[in-house]
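These notes open a run of structures that come right after.
In what follows, chain A forms one complex with chain B and a second complex with chain C.
And now, the complex of A and B:
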């Protein structure tokens, strides 16, 4: 039976929002910046989950889409001298455009091919950001104060990001709950059946991919204001992989799991980095273990045990 | 704007030869075992580092090649038997698992060899340049070109003219029937996996002598190999050859004409091919 998707678990969401809203009241300043990072990457994980969870296509290029938005935002403010708000809008626009290009190429593929293609496209973006040094600053990247004066304090910035991420997540949730979202799930479960029913499968996938890229772009623009620095690392494969890891840890197809995944991974990264520089090894190890023991994700695994079905 | 001269054309061809060696291993594993081994680039770099160490220790390029191929084949054995066996039949889980392995190998490589750049020493006989058609061209790069051709020929003979090759091809088409006929299909797949890994190791040593070895070389060669396989089609040897030629030459053209956007130049044609043939030039539906 097709379930209606994540109904808004009112109590859970209310508690989550309350928790995030209360965090700056109890946390020291440094921890508030960690919490801001968690919010930014939650949205990236949510955007990845739109594709991985609802269309059944796992993308490995969303780090590049996310990072292009960061690049454009920072470039607009530091090099072109524009306002941060316009920079963010342009960043999201650039990310959406890039996602549309990726989508055009990728919608006809599925499974492993989709993954490989998005990976290759993401690597192209990384290569361009690395080599096109007159614009991107090459390996040194771009740096500069991007954050508007109104959001200078850590706490006010946190609340602004919280509002942005919650609004974007709400829209994504509306999207996957809509008839359009149901069609996506239909495509995930049986592409041929949906085609036989007269649905334009490539068009649906194209729109889903582009909107998912737009959400990743919003996260990337917020990241620009948060980090005030961008380098090829931001668009690297590692970024895409980390985003996917968050989505998987949170549970593929749960949408809100992205928040839990992002929190888990970032807290873990901060803890691990305290003891060792080998975060990449830890991340790789987590991937290997997850794939062997809990490919549906930690949350998904828990739900599956609860539901006893599939 | 500079135009392409013979020297740059040869550079493109020799790079294509190296790409073919690496990508043929990738496409063999992908085509026959349905495993997308994203650790292939990491195996390339591992082979390069091992070959470098062996070349310094023994002073022999040949021994370095053999050491690299053997140890990377063993790494392939460990990867297949130690990890991939737990996720058999799940394509996506396999890919993401090898991706995790790639991250681990990459990071441990950084730990063991640091961020420095190494160049595998070239044997005396292959140093210097040859003069022909009015250009001086490094002998070593010509050797790489020849090696690419030899590897293509050997792989073609292996797949089309030997019993093992026939079993591999039969296994691709219908593994169940082959197994019912009493053939140990797992062993054949394992041999193929090790062979593909060994080719990555070979590429690592050979490429390490003219492209140098550094952290990040693994993902660069991986994305080039991916482009080759996406263009050529999964599991196709001629596809890998043509894909490697295209990517190698386009990369050369790109570097000459648009040095900052060279990466972009391989992407255009790949996109075009995908638009018309989603499975690549020589790809067949599974």
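And now, the complex of A and C:
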């Protein structure tokens, strides 16, 4: 963009990266794994934000895209006996292909229709994973040691995931700031004007959806190595909803908000569930409070305050 | 002279309503044409049929001799059509310069560039500056469009259509709701358009219209009522009856 970003957000990103890089030095091993989970889901939230924040279309099927990548990666290693790297590549490929199919069906819709259509497509994937038990293991899912030997320790695995998630997020960030990314925000604001200016709106949405699915697939492949277990829960609606909530909590349309949202929700889940079994109720309440006092999300709120100060 | 736009018996139906009813007209290349008519006459719907926002339910639309009746909106833009909207249609959450970028990129392959920042080359910058200079928006580049005044938004509406350098420019009530000073700016902009550009203008303000155009088409109830030179149109009894007469009643 011609408008140079304010330096404070840049500082924030730099601090965030430093913080994530320093975490394993201060955290006990168990919590390093929590931090790894945060990174994986941050990328899922970032991928969702490409659609929710930039094209103005809220997807509820990204959990399925994410989880299919997890399934393919684990299947490739545990059943087909292939290498984890090839498994991840195949997982991302499968997620991208699935996203392209979702996109073909969904790009001509918007608003609640888009939401419901992506939700329905995600449910289909969930149903297939549940029923096609010869391949997916049905309800029992697939389990096995997937992580390459070089990444056996929690800390080295954490840094590998950090590198992967940062690289993917960097590419997505470049994408949303590119000329193509600007067309997505144009579509969000006025499709009819975009068409009149010569843009093939469904084509742009198709590309955005497919690339967003690819990013979700990268997260899903990392999740395969992290969790070493996959079941229909991974592709369920709850997964899509959680990813979306993370994007919303951080701030839709801010991209990096995904990291804040994922951290907030996962940390809360881990601390609250330690004290009470009703942690979902507590989460619900927190979400309601956030929507009342900062509907634009944590980063969205921060940016709004910053703008007012200038 | 070659015709830029030809409508051949174009009709648009909404259910039982014939919003446009068998309109045939020719606009020669380079002409300034006004389309007038009372509220609900079908002027905007006719624009929509020309640009593809609605499909003509009958008849044909020819642009520079080629049939575009079945083409989608964006493909017609690539054939050289540009338009403005009666109801301001901008990108409110983007800045003025971002709006201009989108206007410029619609016809350029750079719109698919996935990585990297958007930079204008010298020729593109000149186009933006020319379009914004005409519209008096040059000092507002980094403002979000929703923060602009209504008059400024209307000017941006024009500037964006100009930046695409269309061969056929369709202006739907560009001066609607503007102050007399702002109207003068709009008519200056239209007067300064390159002579090779064909311009079709919908406008209610007779003084503005008649000082700007070569030829006037009057619609009523979706039908073509009269076509005449601007001086003849004022005195035309049928036009006075449906248009000026009605306007007087409304006032």
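Operating definition for what follows: the second predicted complex is superposed on the first by the 270 of 310 C-alpha atoms of A that agree within 3 Å, B and C clash if a C-alpha of one lies under 4 Å from a C-alpha of the other, contacts with A are read in each partner's own complex, and residues count from 1 in each chain.
Going forward, a residue touches a chain if its C-beta (ideal position, glycine included) is under 8 Å from a C-beta of that chain, and two chains touch if they have at least 3 such contacts.
What you see is a predicted model; the values in this text were computed from it and never measured.
Of the two partner chains, chain C is the only one that A:177 touches; chain B does not reach it. In the overlay built on the shared chain, the residue A:237 is in contact with chain B alone; chain C does not reach it.
With both structures placed on the common chain, the touch criterion links A:197 to chain C but leaves chain B unconnected.
In the superposed model, A:108 makes contact with chain B only, not with chain C.
When the two structures are aligned on the shared chain, A:148 is found in touch with neither chain B nor chain C. In the superposition on chain A, contact of A:58 is made with chain B only, not with chain C. Partner contacting the larger number of chain A residues, of chain B and chain C: B. Looking at the shared chain after the overlay, A:186 reaches chain C, while chain B stays out of its contact range.
Interface residues of chain A, counted against chain C in their complex, comprise 1-3, 171, 174-175, 177-180, 182-183, 185-186, 188-190, 192-201, 207, 211.
Within the complex, the chain C residues that touch chain A are 51, 53, 72-74, 77-78, 82-83, 85, 89-95, 97-98, 101-103, 105-107, 110-118, 141-142, 160, 164. Only residues 58, 60, 105, 108-109, 111-113, 115-117, 119-121, 123-124, 127-128, 131-134, 237-238, 241, 244, 278, 280-281, 283-288, 290-292, 295 of chain A touch chain B when the two sit together in their complex. Those residues of chain B lying in contact with chain A across their complex are 36, 38, 83, 86-87, 90-97, 99-108, 111, 219, 223, 226-227, 229-230, 259-264, 266-267, 270-271, 274-275, 278-279.
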